[in-house]
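The data blocks that follow each hold one structure.
In the two complexes that follow, subunit A is the common piece, with subunit B as its partner first and subunit C second.
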Partner chain A sequence: MLTSVLLLADSRLPSGGHGHSGGVEALVERGLLADVNDLTCFLNGRVRTAGLVVGAFAAVAALSRQEWPRWDWERWDAALDVRTTSSALREVSRAQGSALRRTVRLAWPDDPGLRGLDDIDQPHHPLVLGAAVAAAGGGHEQAAALAVHHLVGGAAAAAVRLLGLDPLRVTAAQAGLAPLADDVTAQAASIAARAVADDDSDLLPADTTPMPEIMAELHAAEEVTLFAS
Partner chain B sequence: MIARTTLWAEAGGRIRWRATPPLVPRRTGPDEVHLVGAAGGPLGGDELTLEIQLAADAQLTIRSAAATIVQPGDGSAGPARLTVRAQLAAGARLHWCPQPTVVCDEAELHTSLRLELAEGASALVHERIILGRHGERGGRYRGELRIDHAGAALLRHTSVLDGVDPGLSGPAGTAGHRSLTTLCGVGGEPRPTGCSPNGERNGLRWATHQLAGPGWLRLALGGTCGTRGTRR
Partner chain C sequence: MHRDDLGAEPRGTALAVAGRRDRRNLRIGIGGPVGGGKTALVAALCAQLRDELSVVVVTNDIYTEEDAEFLRRHAVLPDDRIRAVRTGCCPHTAIRDDITANLAAVEELITAHDPDLVLVESGGDNLTATFSYGLVDVQIFVVDVAGGDKVPRKGGPGVSRSDLLVINKTDLAPLVGADLAVMRADAERVRAGRPTVFTSLREAPQVPDVVRWVRAQLATWRPVQAM
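Coming up: the complex of A and B.
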C-alpha cells in the first residue's frame, strides 16, 4: 500500500503538474514574490486556504469507497466548481484532473471508484487524486495530505525554476511548513468525514484569499508565460 | 449584543420591517432603505442578523448611512458576527450596497451573506472591507458569500483576510493591499461597464470572474481611500 501511495506523491507522476506554478509565476513577474522568505509566506497562506479546500475534496473522494456504488461524483464535482471562482482555475483543475485520470486508470484499471469518475467529462484534480489514493489502498487523511503536498510542491518547484532559488533552502522552507500542512490535513480530513457522513457538501470549506483569484485571471490573459497557471 | 432585524418587500414598493437596534432601517426611496446605526459597534461578541424576504417582483435596494467600524471587544468575547440572509421570489431584485466596513486593529469580524434566488430573480451585491483605520494594519475578517440560484448552489466563497498575519497579508493573501471590494451579480444582472473586466493600475488590482452558473464576481484589491460612487 505504501509504495502505491508514494507513487502518487512523486512529482514525476505524469499528470501535467510541471506545467503549472500554482500562482507563483504571476507574482514573480510583478516582483511580489522574490525570495525564499516570500515563498514561505506564500505557501503559508495557500496551505491554510486553498490547501484546506483541495485537501477536503481529496479526502471526500477517498471516502467515496465506503459509499460506492450509490456515490454521486457529479454532485461533489459541482461542489468544487462553486468554490473555484476563477474560470481559469476551474479549467486548470479540470485539465490536471483529466491528465491524472489517464495515468491512474491505467495503473488501477479495475478500481470501481476510478471507473465511476469516467462519468464526468473532465473531473477536478483533487477528486481524481483522492479516488486514486483510495485505489492505491490509502485512507482519506493520506488523500488530504497528498493534495496539500502537491499544492506546496508544485509552487515550490516553480519558484526554484523562475527565480533560480537554492533548492536546498526551498526544501528547508517546505520542511518548516510541514507541521502546518499536517494540521490543515487533519482538519480537512475531519471536515470531509463529517460532510460524507451527513451527505452534505455545504459542510466543506470554501476558504480563499483575493490575490490568487485576481492573479489567475490576469495570468490567463497574458500572451507569453512559462507556466499555464 | 444580539439583535435580529427582518425586512419584507413586495411588488409595488410596500416595505415592512421588524427591527432591533443597531440594525434599524429607514425608508429613503420608493424601493430603498438605509440601515441606520442605532448603537455603537459592532464589537467582538456581537451577533447581528438581518433577514430579507422579497416577494415576487419586489425591488429593494439596501444601503447604510455610514461606514461600519468593527472594534475589538474584551479579549474573551470572540469575533463580531453579522449574518444577512435574503430570499428572493421569482422576478424580485435585491441591490445590497452598504457603506464600507473597517476592521480595526485587534478586531475580528465574521460575516455571512446568504442569498437564495428563485428562477427569474436577480441580485447585485457590493461590499467593501477595509483593513484598519488610518495608520493601522487591520484586524481579522472572514466573509462568507453563499448564493443559491433556482435551487442549486452557485457560489461558496469565504474570503479570509488578516492585516497582520504574514501568510494572509503577503503575496498569497492581499499582497499589502488594504481594501477588498466584492461586486457580484446573479441572475441576468449586467456586468459593470466603464472599466475593463481585469486590470492593474493606480495601486488597484481587479478581476471579473464568470461563475460556474448564471453570475459573475468582481474582486478588487486597493488602498484605503477613494469614493465608491454607490449611486448607480
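Coming up: the complex of A and C.
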C-alpha cells in the first residue's frame, strides 16, 4: 500500500504537473515573489486556503470508495467548480485531473472508482487524486495530504526554476511548512468525513484569497509564459 | 530491405505498436537542439503534404508560442490545426518523462480533425532529449552543421537512436568549416544502419529525402491499422 501511495506522491508521476507553477510565475513576472521568504509566505497562505479545499475534496473522493461505482461524481465535481471562482483555475484543475486520470487508469485498470471517473469529461484534479489514493490502498487522510503536498511542491519547484532559488533552502522552507500542512490536512480530512457522512457537499470549505485568482486570470491572458498556469 | 533504406519499417516500443492498431494517424516527433531547423522542417513538411493528407501540428516551444506563431504566420496550416503546449522550463520532460499534456493536445487535434499525420515538435533542448514512444510512433532528430562536425561523433540518444537523423543547414558548412563527409561517417558509425539525410532547408525547402521517408512511414503504417 505505502509504495503505491508514494508513487502518487512523486512529482515525477506523469500527470502534467511540471508544466504548472501554481500561480508562482505570474507573481514572479510582476516582481511580487522574488526570494525564498516571499515563496514561504505565499505557500503559507495557499496551504491554509486552497490547501484546505483541495485536501477536503481529495479526502471526499477517497472516502467515497465504498459507494463506487454508484457514487455521484458529478455532484462533488460541481461543488468544487463553484468553489473555484477563477475560470482559468477551473480549467487548470480539470486539465491536470484529466492528465492524472490517464496515468492512474492505466496503473489500476480494474479499480471501479477510477473507472467511474471515465464518465466525467474533464474531472477536477483533487477528485482524481483522492480516487487514485483509494485505488492505491491509501486512506482519506493520505489523499488530503497528497493534495496539499502537490500544491506546495509544484509551486516550490517552479520557483526554483524561474528564480534560480537555492533548491536546498526551498526544501528547508517546505519542511518548515510541513507542520502547518499536517494541521490543514487533518482539518480537511475531518471536514470531508462529515460531509460524506451527512451526504452534504455544502459542508466542504471554500477558503480562498483574491490574489491567486486574479493572477491566474492574468496569466491565462498572457502571451509569453513558461508555465501553463 | 537495406537497413539504411529510407523506407524502413516504422520502429517503436511494443506498447506503441500495440496502441497503433486502433488509430489511423501516424505520429512523428521532431526533436533536436535549439535552432537546428525543427520548425523550418515542420513548415516544409506541411507545405509538401497538406494537399494530399490531413496534417496537424503540436509545438512545445520553451518560452512562448513562438513555433506555433511562426507556423501560423507562414500559414502552412490553418490556425486550428496547430496547438502549443507549455512545458514549464522543461521541454524534455514534456516529450519524454511526462507526456500527458502532449497526449491531451494530440487527442484534441485528432478529435477535431481526424488527421492522417500528427507532427509533434519538441522545444529546442540538448542532444539527450528524445521522444517517448508513448507519444510518437517514429521520431526525427534535427541537428545543424553550424554546431560543428563533432555533433554526430558525440552521439547521444537523439543522434544515435532516432528513426531519422536530419543534418540541416548544409549551406553553412563551408562557413563554419564543417566536413560533411566526417559527419556522415560518424553518423553511420553510431546509428547502426538507421537513416541519415543532409538538408538545406534554406536552399532546398522541398526536402525530398525527408518527404520520401515520411511517405514510407505512412505507407507501412496503413496496413498495420487495417489488420
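Definition applied: the second predicted complex is superposed on the first by the 227 of 229 C-alpha atoms of A that agree within 3 Å, B and C clash if a C-alpha of one lies under 4 Å from a C-alpha of the other, contacts with A are read in each partner's own complex, and residues count from 1 in each chain.
The definition used in the following text is that a contact is a pair of C-beta atoms (placed from the backbone, for glycine too) under 8 Å apart; a residue touches a chain by one contact, two chains touch by 3 or more.
Predicted model, so just to flag it, every value in this text is computed and none were measured.
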Quick check on the subunit A-based superposition: subunit B and subunit C, clash or fit?
fit
Looking at subunit A, does subunit B or subunit C touch a larger number of its residues?
B
If you stack the two complexes on chain A, which partner ends up touching A:162: first (subunit B), second (subunit C), both, or neither?
second
Quick test of understanding: once the structures are aligned on A, what is the angle at the Cα centre of subunit A formed with subunit B and subunit C, as a multiple of 10 degrees?
120
Is A:214 contacted by the first partner subunit B, the second partner subunit C, both or neither?
first
Touch check for A:21: first (subunit B), second (subunit C), both, or neither?
second
Is A:142 contacted by the first partner subunit B, the second partner subunit C, both or neither?
neither
Now for A:33: first (subunit B), second (subunit C), both, or neither, which partner does it touch?
first
According to the stated criteria, A:95 is in contact with first (subunit B), second (subunit C), both, or neither; which is it?
second
Touch test for A:64: subunit B only (first), subunit C only (second), both, or neither?
neither
Scan A:185 for contacts with subunit B and subunit C and give back first, second, both or neither.
neither
Superposition result for subunit B with subunit C: lowest C-alpha separation, Å, rounded to 20
After overlaying the two complexes on chain A, where does the subunit B footprint on subunit A coincide with the subunit C footprint?
none
Using the touch definition from the top, list the residues of subunit C that touch subunit A in their complex.
62-65, 85-90, 93-94, 97-101, 103-104
Quick one: in the complex, what on subunit A touches subunit C?
12-21, 95, 98-100, 102-103, 158, 161-162, 223-228
Inside the complex, what are the residues of subunit B that reach subunit A?
144, 152-161, 165-168, 170-175, 177, 180, 198-200, 205-213, 217, 219-221
Subunit B contact footprint on subunit A (complex, rising order)
23, 27, 32-33, 38, 41-46, 48-49, 78-79, 81-87, 90, 201-202, 204-218, 221
